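Two complexes follow with chain A in common, the first pairing it with chain B and the second with chain C.
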Partner chain A sequence: MIFSFDLLFEAVLFGVLLGCFYAAVSIGLSVSFGLLDVPHVAHPAIMVFGSYCAYIVAGWGLDPILAGLVLMPAFFVLGVLIYRFYYETFERRGSEAGVRGLAFFFGLAFIIEVGLILVFGVDQRTVQAPYIGSSLALGDYRLPYRMLVAFGVALVLTAALTLYFSKTFTGRAIKAVAQDEPALRLMGANPVRIKQWAFGIATGVSALAGAMLIIIGPVEPAMDRVYIGRTFCVVVLAGLGSMTGTLAAGLILGIAESIVLMLFGASWAPAVAFGLLLLVLGIRPQGIFGR
Partner chain B sequence: MRGSRRKVLKAGAALAAAASFPRAALAQAGPIRIGMSMPQTGTLGAGGQAALVALRLWVDDVNQRGGLLNRKVELIAYDDQTNPANVPGIYTKLLDVDRVDLLIAPYGTVPTAPIMPMVKQRGLLLMGNFSFQVNAKVQHDMWFNNSPWNDASSWSDGFIRAGQRAGAKSVAILAADQEFAQNLANGARELAKKGSIKSVYDQNYPPATTDFSSLIRGIRAARPEMVFVMSYPNDSVAIIRAVNEIGVGPQVQVFGGGMVGLQFTPIMTSLGSLLNGVLNYNSYVPGMKYPGIEDFLGRYAKRAAEAKVDPLGFYLPPFNYAIGQMYEQAINATKSLDHKAIAGYLRQNEMKTVVGPIRYDKSGEWANPRVVQAQFRGIVDKDMEQFRKPGKQIVIYPDAYKTGDVITPFEKARSAK
Partner chain C sequence: MKFWISAAALALFALGLALSPVNEYFFYVSYRVLTFVVLATAWNILGGYAGYVNFGTPAFFGVGAYTAVVLFQWLKAPLAAQIAGGALIGGLLGFGVGMLTLRLRGIFFAIATVAVIFITETLMINWRYVGGATGLQLLRPEVMAPFENYIRMLFVVMAWMGIAAVAVARYVQDSWIGRGLRAVRDSEEAAEASGVPTLKLKLFACTVMGALMGAAGAPMPMYLSFIEPASTFNLDYTIGALGSAIIGGMSHWLGPIIGALLLGTLQQIITVTISGEVNVLVVGVLLVLFVVVAPGGILGLFRKWLPFSR
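Let's look at the complex of A and B:
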C-alpha cells in the first residue's frame, strides 16, 4: 500500500467534500427523525424523488442546484401533507404508533420507488452542468467541482437551519416540541401544526439534497436503499436533532471513508464507518452533539 | 354386498379415468411455459428489462410460426430486484407452483449463482444469461450460457495484450466486491502474472461506494501503465467521471477492460465525450455482421421505445433473443421438452442465432468466444444517434472483428478522433 503525507492530506480533503455531501443528504432526516422522532425511513426515497424532479426541471435548461431550490416549496407542501396523513392515521392512535409508523414510511418508500419505475423506467438518469466532470487544479491537487458545489450547499444549508432553529420563533417552537410537547401545548401552541411545519422543512430540504445526489452521480429508482443506512448513521452519530452535529458527523464519516478508500483496503470502508458509529455510541450514547 | 362393492370400485375407477383424460388432453393443449427471474429493478434492472423485451419478441415470433410442438409459448418472468437472495425462491415457485417446462437464468453472475446447485440437484437444463464462470465449480452438464465468453482470458486477454503492445509493464486492478467482478479480477491477475506484468495497485471496492475520487487518486499515486476496472453500471459512471476529474496519470497506456454499463445506451449518451479513449469489453458493436441482427435490432428498437428501455439494445437483447432461437431449434429437432434430450442437442450441434453461430464446449460456455475489446473514439456529448454508426467504438480485439489499432497512451486516445 502506498503511503505519503501528501496522499493523506488529499484523502482528508476528499473526505471533507464527501462528508459535506453526506451531511447535506442527512440534514432533512436530522429534522424529521432527530427532532420530531418520526421514523422517516422514506427520507432517502423522497430525496431520490427530488433527484428525478430536478432531472426534469434541469431538462428545461435550469441548473440542477437551482432546480432543487425551485422545487423546495413544492416539496415543503408535500411534506406537510405526508405528515398530516401520518398524524391522522398513525401518530394520533397511541403507543404502537412508532412501529406502525415505520411500516407506513417503508410503504411510502416502496410506493415512491415503484412510481418512479413506472414513470421513468429503471435506467440511470444524470444531468449536465458545467461543474460536472471537471475539477479545480491546485498544484498537484484536483478537486472535483461537483463535490465543491455539494460542500458549499451543505455549509449554507447547515448554517441556515441552525440560524432558523435558534433565532426564529417557529424554529425555537420546533426545538421545543422535540423536547417537551405537553409544555408547548400548555403555552398555547399547537404541537401538531409545529411538527407539520418542521416535517415540511425536512421534506423541502430533501428536494435540494436530491438535486445534489444527481450531480454527484447517476440516480436510479432503487438508489434510496444505498442511503438508508448512511443517513441514519450520520443522524445518530450527530446526536439526534443537532444541525451542526450532522455536519460534524458527516465530516467524520466522509474523512474516515476517504482515508480507508485511498490508503487502506477499500472493502473496509463501510465497516470503518459503522464501526465508528458503534465506538462513538459506546462512549457517548447520545451522539457527539446530543444532550 | 360383494357385488355392490365391486360396482362402487368400478364406478370409482371409471370416474378417476374420466377425470384424468381431459386433464391430460388440456395439458397437451396448454402453452409451453418458460420461466425465469430477471432483474427488472436495482443495479441490473436497466439491462434486465431490455433483455426481457427481446425475449418477448422471440415469444411473439415463435407463436406466429405456430409455437413449439404445436403449442403456444408463454414466458413467465418475475423481478428479482437484482437481489440474489430472491432468486432461489422465485425458481422454486416457477418449478413447483407455476410448473414451467423450461428455464432461463436471470441476467448476471450474482443472481444466477444461487440457483446453480438447485438446477444441478434437480437435473434441469438452464440457459445462462450473461453470467461469468458460475458453472466453473458446480460443473452442471445441462448449463448453456448465451454470453460470448468462456474463461477469464477470453474476456481480459485483448485488453492486457493491447497494454503490453504499448509497452505497459505494470497494472492497477480495481474490482467491485461482487462474484462477477472477483472472478474476472482473478483471471486478470493470472494473465498479468503470466505476462510478467507487475501489479502496483489491487483493490476491491464495496458495492455502495458513493464517490470514487479517493480510489482514482490512489491509482494515480501507484503510477500504473494499465488500469483494469471491473465495475457495475452506477459505479462505472462514477469511475469515468472521477477519471476525468482526477486523472490517472500520463503513463497509463490503456484504461477500462471490464466495466459493465458502458454498453448501455442511456449511460453512453449521458457520459458522452467522457468516454473517449476508454478501452472496454463489449458483446456487439455496430459493424459486426450476423444474419438477422439488423432486422432484430430494428424490431427491438420499436418495442424498446414503448417499454422505455435501452433504445439501441446492442449488449444484452440480441443474446437473449438467441436463447429463444436455441430453444426453438433444439425442441423442433428433438420434438421433445425433455431437458436431457434438449441439452444433448445443444451440446452436439452448432446453433444458428442472430448473434452468429454458437457451439458449446463441455462446460456449457462458448467453444469459440468472441468478446470484443473496443476503444471509444470521437464521441460527442448529448447525441444518442452517434452510437448506431460504426466507427465510434473501434474494435481492437479479436483480430477477426478488428476495425483499427488501439491508440495509446490513454491521454492521447481521449482527444483522438
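Let's look at the complex of A and C:
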C-alpha cells in the first residue's frame, strides 16, 4: 500500500460525504435517546425497515428520496404508537431505564430484522435512480452522485431539525422536556404528549434516513447491527441531544472510517465506529459538545 | 445441603447418561441447550441481580472459544486447560469492559457491550493464526477413557459446567454480594449513600459473568471441530442468554435454568421442524411478550405456589 497526500485527500473528501450521511441516520436517535432518554436500540432496525419500505414505494416508479418523504407521515404515526406503548408499559411504572425497557427495544429490533428476512429473504436489495451509479469527475477525484445526494439531504435534514428545535414553540417544548420534565409538569404542560410528538419526529426522520441508506448502497435485513454502533457512536460523541454536535460527530466518524478503510482495508472498517464509541465512553462520556 | 445433594445427583446422572446407549443426537442437541443454561445463568448474575444489561454475550463466549483454539493450536492443551484459559480471558474482558463503562448509566454499559462484540469479531477476522474470516478446521484429539466419543464427553463437561455456574450464581445471590447487587438495582444512589461498594460489586459481577461465558465458549471449537467468526460472534447468543433469563425470571437462580431449558429445547425443535429464522423470531416475540405482560418471568407467574420468596 502506497501512502500519498492525494489518497489522503480523497479519503477525507469521501469521509466528509459519508460523515454527513452518518449524521443524518443518527439524528433520529439523537432525538429519541439524546433528548427523550429512551434506550432506543431498535432505531437502526426501524431505519432498515424504512429502507425496505422505500424499496417498495420506489418500485412503483417513485424517486427513492421522494419515497422516503412520502413514508415520513406513516413512520411518524408508527413512532407515536411505539412511544405510547413504551410509556404505558414501562415509563409510567418507573422501570424505563432498567433491564426491561432495553430488552423490549432489543426484542423489537430482532423481530423487525427477522420479519424482513422472512418477507424479503437475506439477499441484498437496491433501488434505481438517475443519480445512482454515475459519479461527478472533479479533476482527478471522482465523487459518486449518490453520495452527493445523500450529503445534500443530510445537510438539509440537520439544518431543518436544528431550526425546528431552536425556533418553533413545539421544538423548544421538546428541549424543555429533555431539560426538566417535573418543572414542565408543574407549569401545567403534558410532557407525555410532547414526548410522543418528538418520538414521532425521530421515527419519521428514520424513513428518510432509510431511503438514503438504500441510495448509498445495497441493503440487507441484518444491516441494523453495524448501525447500532455507528448511530450510538455519533449520538454519544455529539453529546446527548445536540443537533449541531450530531453533524460534527458524524463528520468525525465518517472521516475516521474512510481513512481506516484506505489504510487497512474494508475488514477493519466496521470496528471503527465501535472502537470510537468505547473510547468516548471511557474518556469523555458526556461527548464533545456535552455539558 | 439439599442443593448440593441434588447437584451431585444431577452430575452423576449426566455421567451415567453419557455412558448409556442413548442416541447420539440427544447429546448433540443437549450440549447446545446446556450451553444456554450456563450463558443465561452467567448473564443473570449481572443483569438480573444488578440490573445492568449485557448485550455482549457473544463477545465473552467467542473470546473463550478463540482462547481455546489458540491454546490448542499452540500448545496442544487439553480440554480442561482450554476451559480454564477461556474463563480467564473472558473474566479479564469482563473486568476491562466493566472498568471502562460500569461507572456510567446502564444504557451506556449495554451499548459498550455491543461494541465489544464487533471489535473482538473484527480482530478475529483479521487474525490469520486462528483462521481469519474463513475459519479453521480443528482435529479433535483422542477421547478419554470411559467415553465412547467426544460429543458424549463434551455433554458431561457442559452439564458439570452448568451445575458449577448455578452453584456460583446461587452463592452470589444468597451472600452479601447478592444483597449489595440488588441494592444497586433498586437504587444505585441510595446503595452508594448507605455504604455499599457499588462499583466493586458491579465489577465483581461483571468479571464472574465474563469468566463463566468464556468457559462456556471454550469447548465450542471442539464440539464443532471448526471455528469461524461470523457464527461465533452471532447476536443469537445475546438474545438466547438475555431471553432465557428474562423469560425464566431474573430474581432467582432457578429462573435462567427454566428459561434456558425451555427456550433451548423450543429453539432446537423449531430449527429442525421449521427454520432457523423462525426460531429467532419466536424468541424475540416471547421476549417482548414476557417483558410487557409478565415482567417477573415464569417464576413470577408461579410465585404463589413456590416455597421460596424472591
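Note that in this section the second predicted complex is superposed on the first by the 263 of 291 C-alpha atoms of A that agree within 3 Å, B and C clash if a C-alpha of one lies under 4 Å from a C-alpha of the other, contacts with A are read in each partner's own complex, and residues count from 1 in each chain.
Criterion: a residue touches a chain if its C-beta (ideal position, glycine included) is under 8 Å from a C-beta of that chain, and two chains touch if they have at least 3 such contacts.
Keep in mind that this is a model prediction, so the values were computed, not measured.
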In this superposition, which partner touches a larger number of chain A residues, chain B or chain C? B
Which holds for A:Leu155: it touches chain B only (first), chain C only (second), both, or neither? neither
Which of chain B and chain C A:Val226 touches, first, second, both or neither: both
Per the contact definition in the header, classify A:Val12: touching chain B only (first), chain C only (second), both, or neither. neither
I'd like to know which partner A:Pro218 touches here: chain B for first, chain C for second, both or neither. first
Pick one for A:Ala74: touches chain B only (first), chain C only (second), both, or neither. neither
Is A:Gln128 contacted by the first partner chain B, the second partner chain C, both or neither? first
Which partner does A:Phe274 contact after superposing on A: first (chain B), second (chain C), both, neither? second
Name the contact category of A:Phe120: first (chain B only), second (chain C only), both, or neither. first
On chain A, which stretch or stretches are contacted by chain B in one complex as well as by chain C in the other? 117, 226, 267, 270
For the complex, which residues does chain A have touching chain C? 33, 39, 41, 89, 95, 97-100, 102-104, 106-108, 110-111, 114-115, 117-118, 225-226, 228-229, 232, 236, 267-268, 270-271, 274-275, 277-278, 281-282, 285
Residue numbers on chain C that touch chain A, as the complex places them: 47-48, 51, 53, 55, 100-101, 104-108, 110-112, 114-116, 118-119, 122-123, 125-126, 133, 185, 235, 238-239, 242-243, 246, 250, 277-278, 280-281, 283-285, 287-288, 291-292, 295
Spell out the part of chain A that touches chain B in their complex, as residue ranges. 2, 4, 7, 10-11, 14-15, 17-18, 21-22, 113, 117, 120-126, 128, 132-135, 142, 144-147, 216-218, 220-223, 226, 230, 257-259, 261-263, 265-267, 269-270
Quick check on the complex: what are the chain B residues that touch chain A? 40-43, 45-46, 48-49, 81-82, 177, 201, 203-206, 208-211, 213-215, 217-218, 221-222, 233-234, 237-238, 241-242, 244-247, 261, 264, 266-267, 270, 274, 307-310, 381-382
